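Everything below concerns the one structure shown next.
Going in written order, the chains are labelled A, B, C and D, and every chain counts its residues from 1.
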Amino acid sequence: MVIIMEDKATEPEIQNVVEKIKSMGFTVHRSDGIQRTVLGAVGEKRDVDKRNLELLQGVREVISITKPYKLVSREFKKDDTIIQVGTVKIGGDNVVIIAGPCAVEDRQQVMKIAEILKQNSVSALRGGAFKPRTSPYAFQGLGEHGLILMREAADKYGLLVVSEVMDVSQIPLMEKYVDIIQIGARNMHNFWLLRELGKIRKPILLKRGMSATIEEWLMAAEYIMAGGNYQIVLCERGIRTFENYTRNTLDISAIPVIQKLSHLPVIVDPSHGTGRRDKVRPMARAAIAAGAHGLLIEVHPDPETALSDGAQSLYPEQFNQLIFELNDIAKVLRKKIC
Amino acid sequence: MVIIMEDKATEPEIQNVVEKIKSMGFTVHRSDGIQRTVLGAVGEKRDVDKRNLELLQGVREVISITKPYKLVSREFKKDDTIIQVGTVKIGGDNVVIIAGPCAVEDRQQVMKIAEILKQNSVSALRGGAFKPRTSPYAFQGLGEHGLILMREAADKYGLLVVSEVMDVSQIPLMEKYVDIIQIGARNMHNFWLLRELGKIRKPILLKRGMSATIEEWLMAAEYIMAGGNYQIVLCERGIRTFENYTRNTLDISAIPVIQKLSHLPVIVDPSHGTGRRDKVRPMARAAIAAGAHGLLIEVHPDPETALSDGAQSLYPEQFNQLIFELNDIAKVLRKKIC
Amino acid sequence: MVIIMEDKATEPEIQNVVEKIKSMGFTVHRSDGIQRTVLGAVGEKRDVDKRNLELLQGVREVISITKPYKLVSREFKKDDTIIQVGTVKIGGDNVVIIAGPCAVEDRQQVMKIAEILKQNSVSALRGGAFKPRTSPYAFQGLGEHGLILMREAADKYGLLVVSEVMDVSQIPLMEKYVDIIQIGARNMHNFWLLRELGKIRKPILLKRGMSATIEEWLMAAEYIMAGGNYQIVLCERGIRTFENYTRNTLDISAIPVIQKLSHLPVIVDPSHGTGRRDKVRPMARAAIAAGAHGLLIEVHPDPETALSDGAQSLYPEQFNQLIFELNDIAKVLRKKIC
Amino acid sequence: MVIIMEDKATEPEIQNVVEKIKSMGFTVHRSDGIQRTVLGAVGEKRDVDKRNLELLQGVREVISITKPYKLVSREFKKDDTIIQVGTVKIGGDNVVIIAGPCAVEDRQQVMKIAEILKQNSVSALRGGAFKPRTSPYAFQGLGEHGLILMREAADKYGLLVVSEVMDVSQIPLMEKYVDIIQIGARNMHNFWLLRELGKIRKPILLKRGMSATIEEWLMAAEYIMAGGNYQIVLCERGIRTFENYTRNTLDISAIPVIQKLSHLPVIVDPSHGTGRRDKVRPMARAAIAAGAHGLLIEVHPDPETALSDGAQSLYPEQFNQLIFELNDIAKVLRKKIC
C-alpha cells in the first residue's frame, strides 16, 4: 500500500500512521516530499482493509498496490491456459462455439437441436435444466430429467454438455451429467457456491455478474482456483448501464482487458448480452473480431414456441449463416472455429 | 400489454400480430389512429415475454401494463404492513434501530455490544456468523458458534437477533437462533434461496441487490411472499454507480418510492451504503428525515480491532450521539425511535 | 399516450383524468378491463410532460407512444442516408476511416500525418484546434492557426478535414476551413450550439454524450435536423459505467440499435472509447464486424511526444496493420474501406 | 505519481521507466521490494497523462498522488467559504432556500411567486429565462424579458435573483439582472463557458453534471476559480443510474463527501433530482438532515398550468409546510434557515 498524507499533516499524525502500518505487519518506507509525506507499506498481505488507514488523522488517501487476486493473473502464469475437454480445446487460438436452447423443454427439442449443432460443427450443447426465473410465476425447468436428455443427445452427436448449477445441492447431479458447469451471472458473487466448486475437478464456465467489475469477476475465479480447480472459462454477458434499449450493455472491451490481466480463456454470450435475436449476429461477429476465445449462443429449433427466452434465440438458418461469417472473421485473426 | 405498430405497418402485419396475441391467451382491443394502429392485449397473465411480440414484422414497441408483482403492491394491500416480533413493531410510525458489529468475533465482544445497545434503547442486535467475503483469504465468520453467542447476549439484554443466511443449508440454524433472517445484497437474486425462505414463518430482512432496480427488489420480495411468508422488511444499502468516492451510492429516494409502491416497511443501512464511519451519521439522519422505518447500523466496542468492516463501524460514543439526533428528527416527522 | 389507472380507481378519478387529457388537446379512447381501466390519448403532440397525468389521483402509469424524435427515424425515411463530401461517401456499404492526431501541434506534425493517411488510403484527416481539456492547467490547442494547418495538409494530400467546434462563436471559422464539423461528447446536450448548427449546411459528426441514452443522442440529431441541416453522422465513443479499468465502456451494441431506429450513418471512435492504444485495434475490428459505417481513430507520427492523448494514439505501423485487418473484416460483410 | 512495476519486470524495463519519469520533469524515488519495484515520481505537475507511463513495458499500474484540483480543496483553504450576497450568507451554519418556478412565464406569475417566497422568509428567487429543452418542439423561455421580470419582482420583495446562463453570449445580460449565475448540469463540462465565468465577479451556482463524478465537479469549480472568481456554490441535482423509477438518483452522500474535500458550500436541488412533486418533500428534508447548506426548490403558483416541469413544482401550501419541517430539522443540526 501507498499512504499519502495531507499537505499539512503533523509529525505526530505521521508517526501514528507509521505505527498503525507496522502493527498490521508491514515494513514502512517513508518519503518526505516538498509538499507532503508519502508512506509505503511493504509486505504481501491480501486481506487488509485499507479504510482503517484512510480514517486516521492526516491521511489523504490510501492506495492498494497488491492486487487482490493472484492465481488468475498473467503475472502468476504467463502463457494462455488451454482447457481440454475430450477433444475440444478452449483457449489459445481456438474459437469454441457452445450453443443450444435457453431451457431444455423435451426430448424431441434437445435431439433436434443437437443434430443442428452437429451439422454446424459445433463442439458443445448448452441448455438449462434449473431455470432461475425472475418471476415466481414462470417455467422453472425440467430438473434432473433435463440433464439426462442433454447427456443422451450429446452422446449421440458427439457433443459436450454445458449446463448451469443453481445451488450447492445440485453439484453431484452436475458432476454426473455435465462436462462444463456454468455459474450464472446471479451466482458470480455466491461465495458459498464458488468455494464448493473449487473442490471438484470439472471445468467451470464463470459468467460475469450483471454489475460486476472486471476485478470482482477475476476474484470470483480466484475463489474457485484457491480451492484447487484451475479449469475456468470466463464468459462476458453484458453489464447493467443506464441504457435501456438493450437488456444489458455487452462489454466487448472486457475481452482485451481480461486477456491482458489473466491467462484464462474468455468467451462471450451475445444472446443474454443483448436480449434480442436481431442483435445477436452483429455482436457475435464483434466478439470474435475483438479476440474472444469463443461464444455461448442460444439457438432453438422453433424460437416462437420456446418456453423461455425465445426472443433471443436464433433460428437454425440464422445460426448457420452466422457460423459462416464467424469462420471468415476468425481467419482474419488467424484463428479457427471448433 | 399495449402493442404499438409502426406507422407504415401493413394490414397483414397487423393481423399477424393480432393472431399471435390471441394465441397467447389474450383478448385484443384494436384502435386505428390517424398515424398508426395500437393494439391492447387484455388479460392477467404475468409470465409473458413481450419480446416475442416486439420481434414481429411491423411492431414498433410493446409495453407491459401488468406489473410483474402483486402481493407486495399497495394496490393489493392498502395499509402499511407492521411486523411485530416480540414487543418490537416494524413499520407504520415506528422507527426501529438494528445495530451491532459486522461479524461476531467472540463472547466478550457480543456481550459488550449488547450492553451498549440496551443503554441506547435499541431493539435488535445484528451480527454476521457466516461472512461472505469477497476475498478467499479473509476471515469467514464463526458459524453456528457465532449464532449461539448472539442468542445468549440478546436474551440477557432483551434484544432481538438479526443475522444473515448465506445458503439454503443454513436455514434450520437460522430458525433455531435468529428472530429476523437477513438476505444479503449478493443473494437478493438467489431465487433458490428466496423460494425456501418463502416456506418458513420467520420475518425476513431483504437487502437490495447492489445493482437491482426497485422493481427487481420488489420481485424478490414477491418470490418470498408467493411461498406464504408475508413478513418482509426491505433494506436499502446503496447501489453501484460510476461514482467511486463512496463504496456505493445510497439511494435515499428509494424510501418514498417504495412507500408509494408497496405496503412493506423499508429501512436503510448507512454503514454498507457508504463504507466509511464519518459518512454514517449524516446518511442515517437523512434516511430518517426521508421517512425510513428504521436503520441497520454497524457499531463496534473497538472498531480499530474489528475483524471486518471496522472502518464503517461507529464508536459507541458516536452511536450514542447519533441516537439522540435521530430521536429529534423522528419527532419532526411525528415518529418515535424504538 | 396510454394512461393505466389503478385497479381501485374510482369513476370520478377516471373522469378527472379524461378531462385533463382532453384539455391537453387529445382525443380519448377508453377501455374498461376486468381489473382496471386503460385510457388512450390520441394525437400527435410531442411536447407533452406525461408527469402531469402521472400525478393525478388514481393514475398508476402513463406511457408515451409517440417517440420524441421524427426526422431521424427510419419510419420517416426508410433508406440509409448516404452523405457525400467531395468524392467520399459516408453511409450504406461504405466504411469510412477518419484519422489523425488528438490535437494539431505544428505544421510538421500535420504534414507528416496527412502523408501517412494518404499512404493508407484514408479519406479524412481529423485533429483538434480548440481543446476542451478537463484541467485548466493543460494545453488548450492552436485555435485558428491549427485549422489553417489542417486545411493546407488536407489539400496537399486530397483529404477531408474534420474538426471539433466548441462554441457558437467558432462556427464561422469552421465553415471556412473544415469539411465535417464535429460536436464533442460534452456538447451533445448543448442545445444552444445544436440549434445554430442546424442553420448551416455542412455535414455534422455528432458524438454521443458520455452518459447519453440512444434516444437522447437521436434527439440531439433531431435538433439539428429540425433546423434544416440533414447531413449528420452519429459517432459512438463510449459511455460511463461502473467499470473503471477502461476509461469508458464502448457500446458496440449501439451500432445495430441505431441502424434499426434511424437512417443516419453511425461510426465508432475506439480511441476515446477505450483510452488506451493497446485496446484500439481489437475494438476497431469489433466495430466494423458489428456493422459500423466507419471509424474515427487517433494516430500520431510520434505518440510519445504528443501534447494530448498520446496514450490512445496508434503508432503509424500499428495503424497500417489495423487498416489491413479492417479491410479483411469489411469484406466478410461485403463492405469496402474508403 | 507512484509507478508499480510488474513482478517480473527486468532491470532495463525499470531503467526505461526511470528515464521517462525524469524526462517528464520529476525526481524519482526507487523502492525495491521482495516481489516488485515501486517508483515514486516527485514533483507538482498537474497536467501529466499517466497513461504514457502505463503503456511502457513492465509497468503494472500508475497511480496519481497529486489531486487534479487545488483551489477548491480544503487542504488549500481550511475554513468554510461563506458567500455573502447582499444580506444573505451562503455556507457555514446558514441554510439558504432558493425557490421559484422552472421557467419565468409572465409578469403575474413572477410577482405572485415572489410574494409567496417573501411570506415564507425565503432569500432568493430562481427562474429560467433561457430554457434548454431536450425537445426542439417545446417552450424555449422568455429570454431577456424574463430576466427583467425577475429583477422587478425580486426588488419589490427584497429577494436575490438566481438564473441560468446557457451560452457565453448571455453573460452580459446575466451580469446586468442576476445576483447569482447558475450553470446547469448540461454545461458543467462546458469549459469554454466556465473559463469566461472565471473572469467575472458574480457568485456562481454550479450544478453537478448528470453523470459527473465528484472529482470532475470539483474540477469544473477549479476552472472558474483558476480565472479568479472564488464565489462558487455547488449544487447536487441527481446522477444517472440504472434505476429508472426516479428521473435521477439524488446523491445525498455527495454532501458529506464534498464537505470533507472542499471548503465551498454545497446545496441540493430535490426538484430536478427526483422529477416528481411527491418526492421533493422527503428528499428536501433528507438533504438538510445530511448537512446541506441549502436547497434549490421549484414552486409554482399553479403547477398544473406551468409551461415546464410543473410535475416537479410544489404547490404554495406544500412549500409552506416543507419550510416548517426544514426549520425543525435545521435546529437539530444547530443551523438556521435563511
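Operating definition for what follows: a residue touches a chain if its C-beta (ideal position, glycine included) is under 8 Å from a C-beta of that chain, and two chains touch if they have at least 3 such contacts.
These numbers come from a predicted model, not from an experiment.
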From chain A, the most remote chain by mean C-alpha position: D
Where chain B and chain C are represented by their mean Cα positions, the distance between them in whole Å: 38
Separation of mean Cα positions, chain B and chain A [Å, integer]: 26
Whole-Å gap separating chain B and chain D, where each centre is the average of the chain's CA atoms: 31
Two or more partner chains touched - positions in chain C: 211, 240-242, 244, 278
Chain contact graph, described as a line, ring, star, complete graph or other shape: complete
List of chain D residues in touch with chain C within their complex: 46-47, 49, 51-52, 54-55, 68, 132-139, 166-169, 186-187, 189-193, 195, 210-211, 216, 219, 222-223, 226-227, 240, 275-278, 304, 308-312
Partner chain C, residues of chain B touching it in the complex: 2, 4, 6-8, 29, 31, 33-35, 38, 40, 42, 44, 60-61, 63, 65, 75, 211, 240-242, 244
Interfacial residue positions of chain B with respect to chain D in the complex: 211, 213-215, 239, 241-246, 249-257, 260, 273-274, 278-279, 282-283, 285-291, 325, 328-329, 331-333
